[in-house]
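Common to both upcoming complexes is subunit A, partnered first by subunit B, then by subunit C.
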Partner chain A sequence: MLIEQSAYANRWRKASPAAKGIFALGGFCAAFAAGAPAAAVVVALLIAAATLAGAGIPSGRYLRAVTPAFFFLGISCLSLAFSLRLDDGTGELSLALTPSGMQKVAEVSARSIAALTALLFLVLTTPLTDLIALFRRLKTPEVLLEIMVLCYRMLFVLSAAVHDTLSAQSARLGYATPRLAIRSLGGLAANLTLQVWQRAHALHMAAQARNNDGPLRFLEPVFANSGRDAIIATAAGSALVALAVGWS
Partner chain B sequence: MKSPADNTNTLLELENVTFRYPDGCVGLDGCSLAIHLGSRNVLIGANGSGKTTLFQHANGLLRPQSGLVRYAGAAVDYSRGGLRQLRSKVGLVFQNPDHQLFSASVQEDVSFGPLNLGLGQESARERVAAALQAVGMASFSDKAVHNLSFGQKKRVCIAGVLAMDPELLVLDEPMAGLDHGMRKELLAVLDELNGRGITLLLATHDIDFAYRWADRIHLMTGGRCVASLDAAKLADDGHALSAVGLPLPAVVELQRALGAHGLLSDSALPRSHSELLAMLDGPTSQSH
Partner chain C sequence: MHIMEGFLPVEHAVGWSVASAPFVAYGLYAVKKRIRENPEQRMLLGVAAAFTFVVSALKLPSVTGTCSHPTGTGLGAILFGPAAMAPIGMVVLLFQALLLAHGGLTTLGANIFSMAIVGPFAAAALFRLARSLKLSFAVGVFIAASMADLLTYVTTSLQLAWAFPDPAGGFVASFAKFAGIFAITQIPLAISEGLLTVVIFNALIRFNPQELKDLKLLDGSEAHA
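Take a look at the complex of A and B:
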């Protein structure tokens, strides 16, 4: 919901998704091309600045979106930094922090942060419906797009159904004890399974009623200034790559 | 009941239609009904009386097991092409918006029907804009469906069908779940559509609303349309209403009581509370 809200309410909502995709791709390339960790960090900072100052994403929301990813990155870095060593003489296991390990951690984490900011830039500024439309223009197989369209829509329908069922169960003490909670969860799963089937049938009927004969067809969104946006995004993305490669 | 075939301006006609669901439940049981071009129709009946089944026959989603469905005088052709033609003329709006909307974008969902009709992107775009304008949702075209209120979702559903430019718009309990303000807004939309010549057929449980709004009221019970009444003369058809467990509209009972007390002319036939109040304040009541 956090990402969803930002995607629909940011200054660059009306900018071409293709342009935002190009800039994010530039960010990814720069992250991988960065020769030194410092270069990747600078790339990350520039992309984050574009997201916060350019697109107008509130910093608190940005931090909340980035924190879980940082948590997982931190755990991964710890496993890279430390190595398990078996002492041949005593046969004891020990944890060791090696300089080469630290160097690796710096490289991997800096690149990951840069790539993460590029991805966050894209998803925080572009609603999924626009991204799906972009994938459609890029000739992604129809079946994948239809699955994406339906899954995205059903995500909200089913989350509402889960919320309603949970509330109804809680109101009748369904989660009062651990034993009751397990029983209620089973009921919730059974109920949702049935609802999924019923809703799939209802959607099929609704599609037929509107003359559907197979593929799901939708209007392509139009974005004013998409050419100008693409040129600016290409220039900005190229600048990021040049910065990452040229950093010494 | 008048024979549906008597009318030359009949748009949709069901003749002795029977439909039974696979689990044995009766959907329609010898149901006959006629909908006239340009009219406002209400289908009223208890839950399980066959209203939704009838609507699905109107759009060709269900096929009668016996009997006949005619559209514009011709029997419905259930071939792929025939159904395509029928569904482009008969738009069906489902009761639950979440059962109908399957794109997360308002504009995309409304474009679904026009693109299925084979229209190009530009024509579809024009239809989408006009349909959203007609239901007062033009400023929501690039919004996410899941961020809309229930009433707004209903209006998007209507726009999705309107964009197909139907002759007959069928709405399954459109007022269900709407608050007073949303009902008024939806009613204004429906009045505007009817003013443009679109024939309307909707299901409701509310006899007061049916009396106030409709030209024709069709009473459903046990899978049959047991009476098709002229709404303007509903006050004389109390027996038909009571046969299906419906009361007379409250405004009719009130008008009669006021008439009995000499406060209102017996010839006055207000269709709504506001009309009744206007009559009480007007010269008709003053003369008595």
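Take a look at the complex of A and C:
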């Protein structure tokens, strides 16, 4: 997975996840607090610069991570820009580009892009295991954490199973026509469905064999300089918010 | 179709999170009870979440030629029950935001409401209704899976229309715009997802009827179909 690779290999991998979370939170607040679209765009550029130059994420990979979100932004903005009008006299429906609609598009897309860069900053610099440890420190319910930990682990196991099955089915022309594709995909998903119970049972047996008495326990990763990181992140995050609010 | 990061105004983002919270809390309570009665379920839910994530990443062949993904909410709701789908769906949506930058943290509440609450509850209710009307198993599965997908997208359109009412036509015009645009991709997708889910259950009935009977989805007579 694209984002995973960067999360494990970037310059700020060893910075404290709490600090990176604080900076991202600052970014979110700045995105929503921005008085003008221009302010939100500047916030987005600053966060993107921190991600690219600071954490050293390759720009090509960054663009590829952003693109799918832009697709949604595009089609949603399309419907914001045009106003649907029902003419009372003739009863005709008409679409019109309105200035107020364009204003809204600028405002919403600038805010979305700023918030998206904040999210990308967090996920491109912090592996999910560190984020789950952060959620644990934030007192997330234990059941939810367990689902997250197991989900993260099994994600790659099941992805590998899907990949192997797809190769095997494709090699036998399983995806040659749309009709065959639905059939093959159904077979694949049915096989995967069964694996849910089989693999869960195997995990349970493994835990039992190690005298598991209920909750799953984990060692917390230790980060040097977490205090210093938190102070820097708080300062940078507040600067973003101040910039967004003070822009005129 | 997830609402992207930062798209909703702050009141709506907070409002939908507050609306989703009781469902997730009830789901967690139900899950805890299930784990206490049957410790093996502890592992099952995590694996189920991974399964839902992986299924929603599969590429569906679509009529319009666009690349589309199933939501997996109908399948999950029939297999694991709608209450458990709220926390499972929450984790899946969180992971999609964190691993794929698909959806977002500020819009997580709104996306949970449409994909992990409305979709699964609608699927479970429709599946039960279809079974009580003596419709065949396949028809029930098709209705549940395709309607769950469709209602998810209707909910998303409602959420967007409420947040961004049309300056001239208001809420209704705005809903028509959002729903109209999404309909192009979502209606063929709902049909393909319904068909796919039927094919999945057909394969399960043929090769693994015992598992379905254990889940109380099939009665004895249908298991040998």
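The rule is short, and it goes like this: the second predicted complex is superposed on the first by the 244 of 248 C-alpha atoms of A that agree within 3 Å, B and C clash if a C-alpha of one lies under 4 Å from a C-alpha of the other, contacts with A are read in each partner's own complex, and residues count from 1 in each chain.
The rule is simple: contacts are C-beta pairs under 8 Å (C-beta built on N, C-alpha and C of every residue); 3 or more make two chains touch, one makes a residue touch a chain.
Just so you know, these numbers come straight off a predicted model, no measurement behind them.
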item: Clash-or-fit label for the pair subunit B, subunit C on subunit A; value: fit
item: Residue contacts with subunit A in the superposition, subunit B compared against subunit C; value: C
item: First (subunit B), second (subunit C), both or neither touched by A:8; value: first
item: Touching partner for A:128 - first (subunit B), second (subunit C), both, neither; value: both
item: Touched partner set for A:199, first subunit B, second subunit C, both or neither; value: both
item: Subunit B versus subunit C as contact partner of A:152, first or second or both or neither; value: both
item: Touching partner for A:69 - first (subunit B), second (subunit C), both, neither; value: second
item: Touched partner set for A:220, first subunit B, second subunit C, both or neither; value: first
item: Partner chain(s) touched by A:47 [first = subunit B, second = subunit C, both, neither]; value: neither
item: Contacts of A:210 with subunit B and subunit C, given as first, second, both or neither; value: first
item: Nearest-approach distance, in Å, of subunit C Cα atoms to those of subunit B in the combined model; value: 10
item: Subunit B and subunit C contact sites that coincide on subunit A, given as residue numbers; value: 4, 128, 149-150, 152-153, 157, 199, 203, 207
item: Footprint of subunit B on subunit A - complex, ascending; value: 4, 8, 127-129, 133, 149-150, 152-153, 156-157, 160, 199, 202-203, 205-213, 216-222
item: Sites on subunit B touched by subunit A in the complex; value: 56, 59, 61, 80, 84, 87-88, 91-92, 94, 96, 98-105, 107-113, 115-117, 121, 124-125, 128, 142-147, 160-161, 164
item: Subunit A partner contacts - residues on subunit C that touch it in the complex; value: 1-7, 10, 28, 31-32, 35, 39-40, 42-51, 53-55, 57-58, 60-61, 75, 79, 87-88, 90-92, 94-95, 97-102, 104-106, 160, 164, 166-169, 173-174, 176-178, 180-182, 192, 195-196, 198-204, 207-208, 211
item: Parts of subunit A lying in touch with subunit C, wherever the complex brings them together; value: 1, 3-4, 28, 31-32, 65-66, 68-69, 72-73, 75-76, 78-80, 82-86, 98, 100-101, 104, 108, 111-116, 118-120, 122-123, 128, 131, 141, 143-144, 146-155, 157-159, 162, 175, 178, 181-183, 185-197, 199-201, 203-204, 207, 214
